[in-house]
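Okay, got some structures for you below.
In the two assemblies presented below, chain A is common to both, partnered first by chain B and then by chain C.
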Partner chain A sequence: MSGTRVAVVGAGMTRFMRRAQETGKELAWEAARAALDSCELTLADVDAVCLTSAPDAFDGVHMKGEYLSDGAGGFGKPFIRTYVGGGSGVFTAIQGWYTVASGMFDVALLVAEEKMSSTQPHPQGAFLTIFDNILERPLGPNLLWIFALEMNRYMSAYGLDKRDIASVAVKNKRNAAGHPAALLGQADITVDDVLASEVLAWPVQRLDVSPISDGAVAVVVASEEAAKRITDRPVWIEGVGWNLDTTYWTNRDLVYPEYVENAARMAYDMAGVKEPRRQIHVAEPYDPFDYKELHHLEGLLLFEKGKAPEAARDGVLDREGDLPSCPSGGLLGVGNPIAAAGLMKIAELFWQLRGEAGARQVPGTPERGVAQAWGDLMQVGTVVVMGNDGGPPKTAAGLPVVQTPPYTAGGHPLSDGGFRSALGAVDHRLGARYSWDAGVAVGRFLDGLRAGKILGRECRRCERVLVPPRMFCERCFRETDGWIEVEHTGTVQTYSICHVSWDMQPLDPPEMPAVISIDGSDGGFLHMLGEVDPDGVRIGMDVEAVWKPVGERAGSILDIDHFRPRRQS
Partner chain B sequence: MEPRVAVVGIGHAGFAPITAGLSYKELMFEAAQRAYADAQVDPRADVDSFVCCSEDYLEGTSIFDEYVPDQLGAVQRPVQTVAADGLFGVATALMLIRSGAARVVAVEAHSKVSDVLTLGAIEQFAMDPVFNRPLGVPALAVAGLDMNAFLERTGLTEEHCAMVAAKNRTNALDNPRAAYPADVRPEDVEDSAPVYWPLRELEVAGRADGCVVVVLAAEERAGDLTEAPVWLLGAGWSSGSPTLESRTWGEADFVARAAERAYAMAGIEDPGEEIDLAEVDDVYAFKELQHLEALGLGTAGGLAEMLAEGELEADGDLPVNVSGGSLGQGNLFEANGLARLLECAEQLRGEAGERQVDEAYVALVQSWRGVPTTSAAVVVLGNEEGT
Partner chain C sequence: MREKVARPDEVRRWPGDFPVAHRYTPGLAGDAFLTALRDRGAILGSRCERCAYTYVPTRLFCERCFAELDAGVELGPEGTLVSFTIGFVGLEGEPLDRPVTLGLVRLDGADAVLLHHVLDPGDEPLEIGERVAVVLRAPEERTGSILDILGFAVAEAESD
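So, the complex of A and B:
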């Protein structure tokens, strides 16, 4: 595809910690130094720096990339921060690939940093503002909702057993027990432990979820010529793919990540991978929640739709299994400093394909691996295929050459008490206020709600009615054709029973968010269920809008108080 | 450099102090439609990759990347966010095309800053949280500090900065899309209130909403898409020290490094001779002079003379910010770079109307990411006569 092949030649990471003493800059520097040390380079050898880090809201720093740049080695260098939400960590390797494959730079340093612990009172606060500013935020959604809604849809569509899904959390936390940088490695955890853990937002339980973490990872990539000068064991970036789906997640069926498949096909095409299940020997799919790893293995075309859970149950994904998946321990075991966790997957493939993964080394002679991350509003797929041109080097006895992992597991974990007392903390509150234009389409929609009507826009070319409405059709990319009033009724596409608030305080009674598909439209939106017992809710249930009294309506999504089971058909 | 890359389409929307009633999505849709029409491409079929340039806090949305694809025709396509000015997006498009990952790339940047009610609070959040914020010093103060150091080092004066502000605001009178055109004389600027002395009110660009979308293509496609390709002859970008305590005050060393790379790629040896016009960052008036110095387009003494002789005016030897710059068009934040590129593309195509510069073959575009950053990008453009 390009003039030059691009190889990973070095990698390093900090420990993943619940709360690091280090600032974000210091974490970035620790990882960058470890990566450069691993391939015996200095910053002077680096031609360009690529950085990623997830929302600025974690650090409470506007233009966070600029703030982090000197810690990441960006001083005096061409430096760019790219960003695709949770997909960012793997995307940084894609950025590194095109930066070098362009022929403009020989050696690039890739740094992924995340310091989530700065957000008070809970890092989930950074996610309150990921939702649509006009149509979703008034409902008070928290991050757990979207995972619970997607997981419920996935389980319900294929009739999946929660035990099979929980086996992924068990596998990854066990795998991480051998990882010196891991936060949640646990060799003796069982499926019953996962199923007995606190229900956060049904069907999501505490041990289904990766931990919030601080940490950084860095990787060095080089052009073919430079790579061969730097190391005798380069690991090649054979294919890259990335893809972003529509913002309107309530208009999609959450059962399958098409955007991951699109990204995978792009990467496989470039890598010449025609039979992924046969040609991929080790996988690092994105696993912020246990079900996500399975969802993604299906999107990566490594398993048929709905079939990854049984592979997990049958041990196929174990480190000794036929397709080792997350041998690192993944986000569930090593930790989830968001952007850093994605680049950790690239680092893990590098170590696995060099035979350097130590206690985590997969057996045999893996020649090719795939790393994948996911992000935004269940919307982004980022995929990288890496290969070692014929297996890791072997000793005379035919055994892989196993070396001590060359990274430095730096970093100083702090307890909350230690953070507040011994070292001091600097508090800031962001006094930011916004007043958004709802715009032509959503403005009219809100006027409709005030009048007790649900309005959609029609695209006659695509024969769709868009709810929420927009003035453009994202499929044919032309202006939509007219307004249509749709029904007040719909069906539950998926729902959750959420027992905790965004800062993890108990909610009693629980909240019941749901994606409602609106009758007479091809769309729907997020809203709340009411007047129904949590045990009585079902996917596919017919529901109707319950409006606030006319005098209380304000032209807001909250003019619909909730949806309840439909009383007459 | 292979393959060569050209700007084959460009569109804009907004460029107004406020764009009431339009959402940022609708603003982006309008600019994108114009750019695709200009390039005669269907984004659903012909654009291989999309690059958006934004910062979360300016949008009031975490992970703003979520909200970009639909209105650009980019659903289920390769899309990424570059957290930087639009020129860094153009640099990214260049790398994507040269790597072979794409032949046609759309780059988008916008400002919907009228949605932000507390811009000062957000800008203060760009300051180091431990060292600087507790002092309560606003980010704008960094511009005042830098201006004072710049004047001290170069011997240029407040009057020279006022001449820049007057030139750009007056140039904007000929630019129908400018948000802040004004018939302003240097004396008016010097009489305006100091904000962070020596920086004065009329030397600070006013905020504006707007969106620019640019379509770039590899040479093999550029020929099919336009009869007037604007070639991307060179690009460079660089960062300095983000830390206030360890930077070189009064000097844009990072702009000099970015320019060095862009000139090397474009084969430019004597920028003052070879560049016919420039659109450079002037979010604060003194920055135009500081940036011209770093770009090798004038020395401190030379710039004083060029201002006195009118050489930086639209009909001078080196027209700078004929568009009115950010002072005249408004501060479009991450879209500033693409707004400058828009002006240069129109000039190189001979479509700049009242503002058309004679014999415009090679143009320079430069952006800086604003206080308190030290990151800049430089792009050199040329039409068929300029290559």
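So, the complex of A and C:
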């Protein structure tokens, strides 16, 4: 790997809050200033600024990068915002790495901000348009669906016990109890509390999920030469990796995050890590849901497939365990201001590897850690390996220098009442309306549905029949070869029993979204199950399409009313 | 791969919207600005002594040097018109019954400029560099909004 070595030399964060009184800019500034203060730099020492923030729809500010640039320190400097959904926070460290490794800049300030509380009535609504506008959105999807569908598939494939998965939520909320910036730290929470919490979209329950939050995190990175000038304890970025899976999420087996493994292998190769389980001493995998931490630990090659849950159960992942995982408290405990939460993981490794994590410090002298985040349409993996070249330097007295981060946990929480009655608050409804072209492949697919047919496209080189159809194969990048009518039947690849609507309003009876693998194809799509009791649904169940009457069909995914258990023919 | 569209009206399209709403709160610096505007009719700014620059409205921090700032400077009520435009069409391109004049004004004491309406410019053409003054809503009608300022009016020439 060419270029200079790059180190993290400073970090800071705000409190993570359900609602912050500060604007997004003010949050960004609080975190950025804390990070600069931590390494005794000023804005004048910064050569370039890298910003990240998740969808503009959260803050309700179009071009959020430009909006936040002053708070991030971007005035008059080379500045750019990157964005890969939930993977953004860790990606910003990757961006910071190549910004400095290129040799163009000596010191870069990395800032991640999220203000989710602006979205009304619920931030879930901002996720509505990440689904396919024509094939998925008419079904009324809630973001929770994709997590519930993936979690159910994961549990089913390995016969996992929900108690083992819930133990991750318990661990992280307990870890966060020692974090001055945490929103949901709780020292006395138990697995039974998690299992007794409200069912949102089975198997996802309220306490399986990280909380909506406002907050910001900032990190300072520097070239080797600059780093050694700034601090005697730089923490090196040893490896970076990132990878994206297909956007056709209903065509993937959701059991295992291959894109995380791909990103991890890239980062490990660069870092010279050959035995991750032995060479990684502390991990900060992405944990927006408890099962995701386990899923990601497997993708990071730290546990065999399906084996992370028992490690959680047996305490291996505890702060004092053999492989501490999310000692920060993670998203489940500290909070989940999305992009900021990812960069918090980089900050936590920095503090852990300097022996500065205070009440959260893992025992021993960890020398290397891995941080990972995940996002887009559950398809991106971002991975960073950090190390301290053999342990934090000791002071003259032979003891590590201990400072309890965050240096400042700035930020003023705003109560619900304070938010509702805030002076000068402005309510605005985005009036944007769209007309989405179905395009060539989906247009023909919709015509097929109106005629009572399910159509796919064949890729002869990859020997796949693509459903939903596309005019090109995203694997071999060739034009697909022709249309094929596939069956009206399929199997339930995974399903959820969902009790909330897209904007988190209660649903009674619940809905049963499912990914249906369509017979005669290598794909499938999202649809609803019906004519079946929720208790009677099983993964692998044979189902068949129930069509709307011909006169009611409109050339829509809803021309299939639902899928029901297949009847003997 | 390309399919010829013979009947453009039959191209399949799917109408949709983005049904999210937002509630924006003014933040720490904005709260100070709007409170003073509502309660005292004062326009506050923030001065960074190091950068010798006065922001308006108030800011929590100086974007140039990152220093923390307070809302300690009162600006105006008069200022200088730095630029203006006259809008004849609305958001959707529809003609407006009455043109709207918007001005950028550097209030006395400020370095940054403030955007607001220019009220009833009358028949005399506006001129860049002209002196203008803030026109406020009546105290009892103020709510803590940028609209507590009605706009700027051309200042009366000082009598000799």
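Going forward, the second predicted complex is superposed on the first by the 556 of 569 C-alpha atoms of A that agree within 3 Å, B and C clash if a C-alpha of one lies under 4 Å from a C-alpha of the other, contacts with A are read in each partner's own complex, and residues count from 1 in each chain.
The rule is short, and it goes like this: a contact is a pair of C-beta atoms (placed from the backbone, for glycine too) under 8 Å apart; a residue touches a chain by one contact, two chains touch by 3 or more.
Everything numeric here is computed off the predicted structure, so don't read it as measured data.
Looking at the shared chain after the overlay, A:D508 reaches neither chain B nor chain C. In the superposition on chain A, no contact is made by A:D533 with either chain B or chain C. Once chain A of one complex is fitted onto chain A of the other, the partner contacts of A:R475 are limited to chain B, with no touch recorded for chain C. Of the two partner chains, chain B is the only one that A:I80 touches; chain C does not reach it.
With both structures placed on the common chain, the touch criterion links A:E463 to neither chain B nor chain C.
Legend: residue contacts after superposition of the two complexes on their common chain; A:V426 is shown touching both chain B and chain C. In the superposition on chain A, A:Q379 makes contact with chain B only, while chain C stays out of contact range. Annotation for chain A, partner touching more residues between chain B and chain C: B. When the two structures are aligned on the shared chain, A:N133 is found in touch with chain B and with chain C. By the document's definition of touching, both partners, chain B and chain C, reach A:D437.
The contact surfaces that chain B and chain C form on chain A in the two complexes overlap at residues 23, 57, 59-60, 70, 75-76, 126, 128-129, 133, 426, 428, 430, 432-438, 440, 442-443, 471-472. Within the complex formed with chain A, the chain B residues making contact are 1-2, 19-26, 29, 36, 42-44, 50, 55-58, 60-63, 65-71, 73-84, 88, 91-92, 94-96, 98-101, 112, 114-118, 121-123, 125-126, 128-130, 133-134, 236-243, 254, 257-258, 261, 265, 369, 372-375.
Interface residues of chain A facing chain C in the complex, by the touch rule stated above, are 21-23, 25-26, 29, 32-33, 36, 42-44, 57, 59-60, 70-71, 73, 75-76, 118-121, 125-126, 128-129, 133-134, 137, 412, 414, 419, 422-430, 432-438, 440, 442-443, 446-447, 471-472, 479, 555.
Within the complex, the chain C residues that touch chain A are 1-3, 11-31, 34-35, 38, 60-61, 63-66, 68, 143-145. By the touch criterion stated above, chain A contacts chain B in their complex at residues 1-3, 23, 54-57, 59-67, 69-70, 74-85, 91, 95, 97-99, 101-104, 126-130, 132-133, 240-248, 258-259, 262-263, 266, 375-377, 379-380, 426, 428, 430-443, 470-472, 474-477.
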